[in-house]
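The following blocks contain the structures, represented as structure tokens.
What follows is chain A paired twice: with chain B in the first complex and chain C in the second.
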Partner chain A sequence: MMRVVLILLFTMASTLSIDNGEKIIARQGKVSFFSHTSVEDIKAENNQVFSIVDLEKGKVAVSMLMNAFIFEKALMREHFNESYIESDIYPKATFEGEIIGFDSAIKGEQTRIIKGIFTMHGVPKELEIKTRIENNVSGYVISGEFSTDVKDYDINIPPLLAGNIAKSITINFRFEYRPYDD
Partner chain B sequence: MNTGLMTIRIILLFAIALTTAQSLCAQDLLGILEEEQQNGSSFVPPTFKLTRIAIGHSTEVRGKGILEVSAFNRFWNLPSDRSQSFIADRTSSRLALEYGISDRLTFGVGATSFDGLFDTHLKYRVIQRDKNGKGRPFSLTLFQNFRYNSSAFASSDLGRNFSDRTAFTSQILLSKKISKDFSFQISPTYIHRGESVFENDPNNFFSIGFAARYRLGSHFSLASEYYHTLNPVESIETFNPFAIGVNWELGDIMLQFMLTNAQSIVEDAFILNTRNNFNFRNPNLNFGFNATYVIHFKNRLKDK
Partner chain C sequence: MKSNTSFFFPVIFALSFFCLVACNDYLNDDLTEVSSKKTYTIDNLAVQLKSITKSDRDEVISVAGIVHEVNTINNRPTILLKGNVAAQMLVICDMNANQSKRIEKVKKGDSILIKGVFKGVLKDAIMLNCVIVNGN
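And now, the complex of A and B:
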């Protein structure tokens, strides 16, 4: 009995050490979004996005501050934060997911689907994003593009401005990773 | 036997502790990011979105390379019962341009149709409230206005000198964002008027303004403003101006709708020369409509 428990304990302890796998982090990731309508083009950039990847499990997480998005027009940033995305209530948008079929042994480029939950304006949504993963000498780079519908995130757009904001927003991202030490 | 059972229990307890530790470690990558992402961006949510609250200026300045083209309108009826006018008997409009020289300094010019006032102002943001209210809990903006009265005076003795037609308004605008929806402003005001119609009227006036904005929805807010003059003009009966209205903040266009007893739009004129009280008898109540169109000359993404 005693022996069984001890063995169990030992295996648990060993899984714990394996679990602390190699992680890489990006602290200045770039995320931009673009909305195109016949009335107006809206573009915003955020260069302070954080992302972390667990190389062994192929898991990835992204966290961005919504008020760090910079717009062409200064007033748009105020509207975006105060009236649309309500960054005082929902300061961050996050993504947590898994890289399907990720192999950290592959050098060079691989294209993979990342599947996970994207949460913005407090609304979670499942997304599948096609991404390019590069494993260079300098480290990992993950980049890609995807589109998502504004209406899915419970964002209030006054009818008068419905023509100015695209139904589907294109999002571009690029993260350059460095090794992460806990 | 008893001691053996005890050890097993301890070991089991240890095992449970280990599994929780394991799940914590394996847990979220987001948790790690939460710890890493400590300092936020420099963005401060606006205290008032418009550069005016209702009739007076707010602590907001627009920022470098931004031009505001505004039309300020007041409509009111004359006391006569049988007015022939369509919609309103009298209209006063002030057309104005305001340009952001730097992120702190704004320069503005305007001209009003009804009272013939030409005005110009400088507005400088000294202190901007910190994001979470830590450090600097309030905003402070200085406002200096100069206006020239171009209208014909009833008496030929008046208005001969340039100084008889001028007035200067200086304001210290102090605002605080109390919650995400509610903002409050206090505006101590000093006005120097060159003209004084009667000898016993003072040339220097002190007033204090109170203003507040409450956000009703994501694009709508309720705004109200009141100015109290400590030493009002004595030769004519004047009242303190009051305004209540809604501000509608749409993209590049910002609209203000209000009810007020002030007919004038330039600072010194509405603070000192409001001759009607706030009630529903004509010509006391005015309907005010301000429309501002914001033009950005600077692309924040390109010229950083």
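And now, the complex of A and C:
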């Protein structure tokens, strides 16, 4: 009887530890973008991007508040939120995808493609992003860079300001993950 | 002509000054002297989030809570607040650069009141340009 109880307890403990280890989150992920034209460079960063990864299934979800981007100039932020992104109407950008060929057992670094849907300004777009995944002592870190075209997201830029904003924007991201319960 | 110039210069100066004041917003300012629109505890913030409207976003609010963590992830001094109830959401306070000396004194478990620009909620509430009102 005692042996059965011990086996049950061990099984329960193992199950719990697997459940806790399945999902990891980043509360303070960083996403930055850069636009270069001959008129001006525009860069901004958001340091409170939320992300969750299901290690078992290799699924990734990201959510960010568009009004939490920090710009060098207040006027740039005002144009970004009010004229282009319309953050009152579309407050969040999201990404949902899958890490292709992901193996959570691999320690150290692996490079993988994350394929998924990025939705910004209410417009979904399928993306494939080359991503660096580090699995070290302090946890998982996922980082990378990709470019996307402004025109793909139905963003209306007045002709007068078209020269100030690049047609293609470079986006950088870095997420430091922790266990979900932390 | 001279009288026109002497009239327009003060007007342009006044308009420029007004624009500087009006166009500037809380995000780059020191909020120490700015009064909060509302004060919350984290526990009632979670309840009241259901009724938060667009007009509450980008307003200066104060939140009282317990320090869950102090970190510098992304090289940003940040204080995470929690409430008394377990499994509640946290409030992520991205601190103003002028708070570095006060942050050094903040420890996990401290009760603290923080003021900042409320940006919205993901899993946790997010506030930018935060300053410590009291607690340290």
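The definition used in the following text is that the second predicted complex is superposed on the first by the 160 of 182 C-alpha atoms of A that agree within 3 Å, B and C clash if a C-alpha of one lies under 4 Å from a C-alpha of the other, contacts with A are read in each partner's own complex, and residues count from 1 in each chain.
One rule holds for everything that comes next: contacts are C-beta pairs under 8 Å (C-beta built on N, C-alpha and C of every residue); 3 or more make two chains touch, one makes a residue touch a chain.
On a predicted model such as this, the values are computed, not experimentally measured, just so you know.
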Superposition on chain A - do chain B and chain C clash or fit: clash
Partner chain(s) touched by A:Gln28 [first = chain B, second = chain C, both, neither]: second
Touched partner set for A:Asp88, first chain B, second chain C, both or neither: both
Touching partner for A:Ser63 - first (chain B), second (chain C), both, neither: both
Which of chain B and chain C A:Leu160 touches, first, second, both or neither: first
First (chain B), second (chain C), both or neither touched by A:Glu176: second
Partner chain(s) touched by A:Arg77 [first = chain B, second = chain C, both, neither]: both
Partner chain in contact with A:Asn47 - chain B first, chain C second, else both or neither: second
Contacts on chain A seen with chain B and repeated with chain C across the two complexes: 25, 27, 45, 48, 50, 63, 65, 67-68, 70, 74-75, 77-78, 88, 91
List of chain A residues in touch with chain B within their complex: 1-2, 5-6, 8-9, 12-13, 15-16, 19-20, 23, 25, 27, 40, 43-45, 48, 50-54, 59-63, 65, 67-68, 70-79, 81-84, 86-89, 91, 94, 96, 156, 158, 160-161, 164, 180
Residues of chain A that touch chain C when the two form their complex: 25, 27-28, 30, 45, 47-48, 50, 63-65, 67-68, 70, 74-75, 77-78, 88, 91-92, 174, 176
Of all residues in chain B, those that touch chain A in their complex: 4, 7-8, 11-12, 14-15, 18-19, 21-22, 25-26, 28-30, 32-34, 36-37, 40-41, 43, 45-46, 49, 62-63, 66, 180, 217-219, 249-252, 294, 296, 298-302
Chain A contact footprint on chain C (complex, rising order): 23-25, 27-28, 54, 57-58, 71, 73-74, 76, 78, 80, 90, 92, 94, 119-120, 122-124, 126, 128
